[in-house]
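Below, each structure is written out as structure tokens.
Each of the next two complexes has chain A plus one other chain: chain B in the first, chain C in the second.
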Partner chain A sequence: MSQPLLEFDRLRVDFDLPDGTVTAVNDVSFTIYQGETLALVGESGSGKSITSTAAMGLLPELARASGCIRWHGGAGDEDLLSVSRQRLRAIRGNEISMIFQEPMTSLNPMHRIGRQIREVLHKHTALRGRSSHQRVLELLAQVGIPEPERRIDSYPHELSGGQRQRVMIAMALACEPKLLIADEPTTALDVTVQAQILALLKDLQARYGMAILFITHDLGVVRHLADSVCVMQQGKIVEAGKTDTLFQSPQHSYTQMLIAANPSGRKEAVPNSAPVLLKAQNIHVRFPIKKRLFGPNRYFEAVKNIDLTLRRGQTLGIVGESGSGKTTLGRALLRLVKSSGDICFDDIDVARLDRAGMRPLRSRMQVVFQDPFGSLSPRMTVGDVIGEGLRVHQPLLRRAERDTLVIQALEEVALDPAHRHRYPHEFSGGQRQRIAIARALVVKPEFLLLDEPTSALDRSVQMTVIQLLRDLQQRHGLTYLFISHDLAVVRALADEVIVMRQGEIVEQRDTASLFNAPRQTYTRELMRAAFLESTA
Partner chain B sequence: MIMNNTTLTAPAVGNSLARDAWRRLRQNGAATVSLVLLAVISLVCFVGPWLTPWALDEVDWNAFLAPPSIESGHYAGTDSNGRDLLTRVFYGGQISLSVALVATLVSLVIGVLYGAIAGYFGGRVDNLMMRFVDIMYSLPFMFMVILLMVVFGRNILLIYAAIGAVEWLDMSRIVRGQVLALKRREFVEAAHALGVSSFKIVTRHLIPNAIGPVIIYVTLTVPKVILLESFLSFLGLGVQEPLTSWGVLISEGKDMMETAPWMLIVPSAFLAITLLCLNFLGDGLRDALDPKTR
Partner chain C sequence: MLSYTLKRILQAIPTLWVVITLSFFLMHLAPGGPFDGERQLPPEIEANLMASYGLDKPVWEQYFTYMGNLLQGDLGPSFKYKDFSVTELVAQGFPVSLELGLWAISLALLIGIPLGVIAALKRNSSVDYMVMGTALAGVAIPNFVIAPMLALVFGVFLAWLPVGGWNDGHWKNLVLPVVALSIQQIAYIARMMRASMIEVLGSHFIRTARAKGLSESEVIFRHALRPAMLPVISYLGPAIAGIITGSVVIEQIFGIPGIGRYFVQAALNRDYTLVMGTVVFYGGLIVLFNLIVDLLYSALDPQIRYDNE
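Moving on to the complex of A and B:
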């Protein structure tokens, strides 16, 4: 093995909060060697990001760090926790650089990308004028931006998410760092883009011989990319080792749980004789791009003439990447966005109904959204959130009766009914998603639109929510429309799948045959990217 | 952190946001003290005139520009006309506080509703409603006040109306901006999916979540209104002698700063304490209405 590059030695990070000290990172020790890729894996709140920001000297003000982070990449050995600010600035972006999760926000929207990359060069190298311009072009070409001469003058908003992440990588590589810290660099990206970015990182690592500290929650990515792995749980490293050995024989129960936390099980298909609950024909949705007070608007076609049929008890999965129109389609079916075409719900033509006419039907068709933080009003108690549907649909209920129903709904989603007087922010992501499910269930729907209900959750929490959804479907004979970009989850839950791209249906078949033998190139591409491990 | 929270805010039965907010407000020391002080000041302004030995326009021929003294009964001295300053400050407080209260309430109610409706419905409705606001903005304030005076004659109520009619414009823009951002949030969409009526969505979901900046703006509006009123009075469009207001008293006191400093200090002190209390109370209210702060 080569030389050690960065050593974490009994790193501990405490946060002094008004209500006591919270230890985010506790006694963490590991070493990254030159040229290797080490993955730091853990679920949200495990302290993996804090560990990496400690190495960059970027800890928040409230944090206190102790222990030692030895950097062997400079002239001698240095402790990154105790070096001077000047030295730290010289290291950042030059010897160690970092890329972040959110390519939308980590570039300054006011500056051209060429200028942002040049800024790094000016700070750390002697390159100026023509030669720095040349170097920026070179970098952009290396990270696979097409037409670098033209793109160098683009603003961040003119680039796609994947391209922005490439620009971030170009910035990070500008000074040929010895270590690249990548904090969930592909989490916000579509799976096909993620596969491209990972391939790019591998390629660049080989070219520059740099080490990568890769922080992620996604074990598929780890297996694909890393040489060794550290698994973190609640601020501690519970297991560390070479990637292959760790995946083959995980020792710690938490690692075993993480590896096993893959959506399993399949759904029995409903018989073709089951009555049709929802039938949609020629659904078309368009949004005005440019609104004018006078004159015609310009439109973006989000969903193009889609037909679908849902039978009672069925789960129809809709998969697609961002911008494929899957979410818009779901909202159109619930009449939450304007659409043209016919929608028949239980033989009622809902497309012709107005707001008031829709109201009685609303209790029969409900929705659970992706973001468990955004889908609950922060200023209403959980009891009020869940009870609101009852106020609308059963206005004659007395307060006590409503309260009983709210308690029942909370018990149904396995939450403590005593918590109904609390506010949403006091709950974790998974609990909030259960609250959102309870809000939908309390009005006794027959049809539930699930719009990426598990995407914002940790894998282990996802499993419990999926199990809950399964149980509820069996108990109440619910019909689901399950929208997701996560093919593994869809495979476990749906009995029929629609693959969407740019507002159109690419492929539509029963789950088993679609996953076993996808017919369309796009579907195959999507699956290859989603199940990285199968091609690694 | 989530766990800590849940154990500490053990709920009483039947909480509502308002009740929780009231409980949190009382836990906030500065806000509680401010609330009490404001109550005391208002009480004194409305009851005080009966307790002082002098009437509003009563001239004490023995004491022109007399400094504060206990024996003479002029506890805060007299002005250049020999009128008791403390009595005048109390009466002035009645005017200033009620202008502030009424004008701010008017601007709050109109502004919040107008802005929330424009933001919520969006599109053409929003466009038309906000263009109307733009037109109102472009009319000079004085022009509107004079217009009102001409039409309705001079009346203290008109000052309230005029000031309120101008201040709600800012408020509506602030609320509209908030609502525009909020209505895209998923909890609003979930309410739509439940069939909640537009009115309920605006009042139960949008306005409570937009309340933070609104309260901050209200605490900024109150001093603005009090100063506007004194400006109008200075131009002869506001309150008229012998009636007075804090703004008028301060502007009179400013001219006598060197010979009779109490004429500036006493009304200024009342105004300053009131505004300070309002700021603390505003901050306290904003925090109390946000369940995330404890």
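Moving on to the complex of A and C:
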């Protein structure tokens, strides 16, 4: 534990862009010791990924690195910024290896996974033929891929995200590296899968005695995995120390903010006497998977016979992992996908209405989607995006009146109304999500479907959006259907929760009792994976 | 795979039907007829000829007769080449056109792909600008301009190569028409290859390949080339269609006895059956090549499999 393995010494990375130089990493110094796990923590744009790619010599072409990255894992001490390309290639994948955030796209889609792992062995070891095949099988078994003999010939698209990340890990461990750089390796995965991958990494670290540089924005993960932590903000390290000390007494205000930024607060339950706004029975959604020329089509049952009731002013949280049917259910309730079953909105039987019949109701039920980057038209000004709903639902409004309402909506979400003539790309993720909320609010809805509205945002930004949603609900008596995979956010915002899995309801209860005493194993598993068990 | 192929062939039938029907009526709408020559025929003889080929009947009746014959595989007699059926003429010209087309498409791939790769690897350098500038010119200049220019420079001024003729496919006679026919395709393929190579080089699995410690040439040849070629493969269908239509012009300019030349002459002579015959043949060919390209695509990309189960 005491031998230094990799030392970053006043690392600085500049990007030469057409309109000037941007410094992404500035004066970063820290040391990873043999066998330890060091977490590099920060929000998006803090420079944590750039720092790690600099060590691998994988910086983008426009980047210039200066300073020193000393590697003690090879024959002598070397500076990774100045070693020859040949030496660097001998280090990559062999002495230092790396896994990435994007398990879905990090494997070559055209090569079988066995070949991709074997490639590393052929590059860096003398193993060939049967012995390399044997080693690949051994690695696949070690990372927990079932039936390695069969899977070795799979293509990446035949594996799930979690399995692909396991293959990436097998590839990274093939040559028993001294250091593994893990760049947000679990961010794209479901929480239960994340828990499995983290456990696997810990286990393999013990077996191979390697050090791990773990890059993440998720403090929950850090607390459970890392020996020491470096907190990065805007390209600089603002605080570093042992994990326990840092979490107990954070010194820097940014660290304090990050730790405090875990969603907090609770929603008061609405009384049972509150009027019912939305009532759905036997909601069933299926998609054809295979259209066949002859014979019956085959279907995927996305949502299976779900009943739910939403009272005015209530927030119903729907929690589930990817593929659980939560988004499909939400869209079915708004008649955005076809479903069978009864849906009653404010005593109107909406399941029988056609598109034209739904239109007058659309202003009363609005949606905010997950992706703040994709869901705003890039060619419309923010004012036009927000005003478009008014054009449809209140066509008689005059331009000036519409403008007034747009300004009001922007003020509601705490954005400067003067910015309404700008385009979406000029705003940050959090601001765009505010714009999306303003777009929904401007037509004065009673019901909002919030489909993972905070998932693409940094924790500290998430907090402010949650607070905003809470304020708006109080001010306008809104009813929310809040869909999320993030239990911490749901706990902070919802007064009742539905846990979904494979299109069915696993557990449905009020938030407090669900989190305090989950009845179902699956719910408990989800909570453990999200590191929520201790704080309930 | 088999059921996919069958489905595609079934889908091609309405496409071909529309093409045939449109061409048939458009052609009959054009003024003149097959027996209007410089030498006016006596009216009785012309009437006899018209009657014997069924051209005195209403157009819609001719259409149904033609379609009926077509379904039995009979493309009819040529009006101009009196002793030949259309099938015989197509069978005679096709091997020549095929040879020309295959050489052209091979040349386009052999030159276009490496050019695109080089431009992508040296992007924003003088090499890149030169390749892309030339490619832009290649796309912009039509082949009926390039062909006479080539003939003028290499055939007349330098006298290295014959300016025309087929000479049973002697290589010297092939060079100029093949080059003229492929230049546009080389340009398209190079531009496409450059764009897709740049995209693939920026993808995550290329970063993984580099992180494994592979050398740059291993990264490019083992990991980047095949995925980068996919857009080019799917462009092969339109490329082949482009070469076929291009050959109509090129064969005319270089005096090559392929079907393209028959097509042009037949259209000018209102040789109805021969025009229709070439349309049917070309249409079928394009459909066939598009199918082959799609099947090839699935062979290259494991994520695309046209299986039923």
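Here is the rule we use: the second predicted complex is superposed on the first by the 526 of 536 C-alpha atoms of A that agree within 3 Å, B and C clash if a C-alpha of one lies under 4 Å from a C-alpha of the other, contacts with A are read in each partner's own complex, and residues count from 1 in each chain.
The criterion applied here is as follows: a residue touches a chain if its C-beta (ideal position, glycine included) is under 8 Å from a C-beta of that chain, and two chains touch if they have at least 3 such contacts.
All values reported here derive from a predicted model rather than from experimental measurement.
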Task: chain B versus chain C as contact partner of A:A182, first or second or both or neither - done: neither
- [ ] Considering only the touch criterion stated at the top, classify A:H421 as touching first (chain B), second (chain C), both, or neither.
- [x] first
Open item on the list: Tell me the contact category for A:P378 with respect to chain B and chain C: first, second, both or neither.
Closed with: first
Open item on the list: Applying the document's definition of touch, where does A:H157 land relative to chain B and chain C: first, second, both, or neither?
Closed with: second
Open item on the list: One more residue to check, A:V285. First (chain B), second (chain C), both or neither?
Closed with: neither
TODO: Look at the residues of chain A and decide whether chain B or chain C touches more of them.
DONE: B
Open item on the list: Which partner chains sit in contact with A:L58 here, chain B, chain C, both or neither? Use first/second/both/neither.
Closed with: second
Open item on the list: Going by the contact rule set out at the top, does A:V319 touch chain B (first), chain C (second), both, or neither?
Closed with: neither
Task: On chain A, positions contacted by chain B and by chain C - done: 293
- [ ] Provide the residue numbers of chain A that touch chain B in the complex, in ascending order.
- [x] 17, 19-20, 22, 291, 293, 331, 334, 336, 358-360, 362-363, 365-367, 369-371, 374-381, 384-385, 388-389, 392-393, 419, 421-423, 425-428, 436, 439, 443
Task: Parts of chain B lying in touch with chain A, wherever the complex brings them together - done: 1-2, 4-6, 8-9, 11-17, 123, 127, 185-187, 189-197, 204-205, 208-209, 211, 289-292
- [ ] Report the residues of chain C in contact with chain A in the complex, numbered from low to high.
- [x] 3, 7, 203-205, 207-215, 222-223, 226-227, 300-303, 308
TODO: Would you mind writing out the residues of chain A in touch with chain C in their complex?
DONE: 56, 58, 89-94, 97-98, 100, 102, 105-111, 119-120, 123-124, 155, 157, 168, 171, 290, 292-293
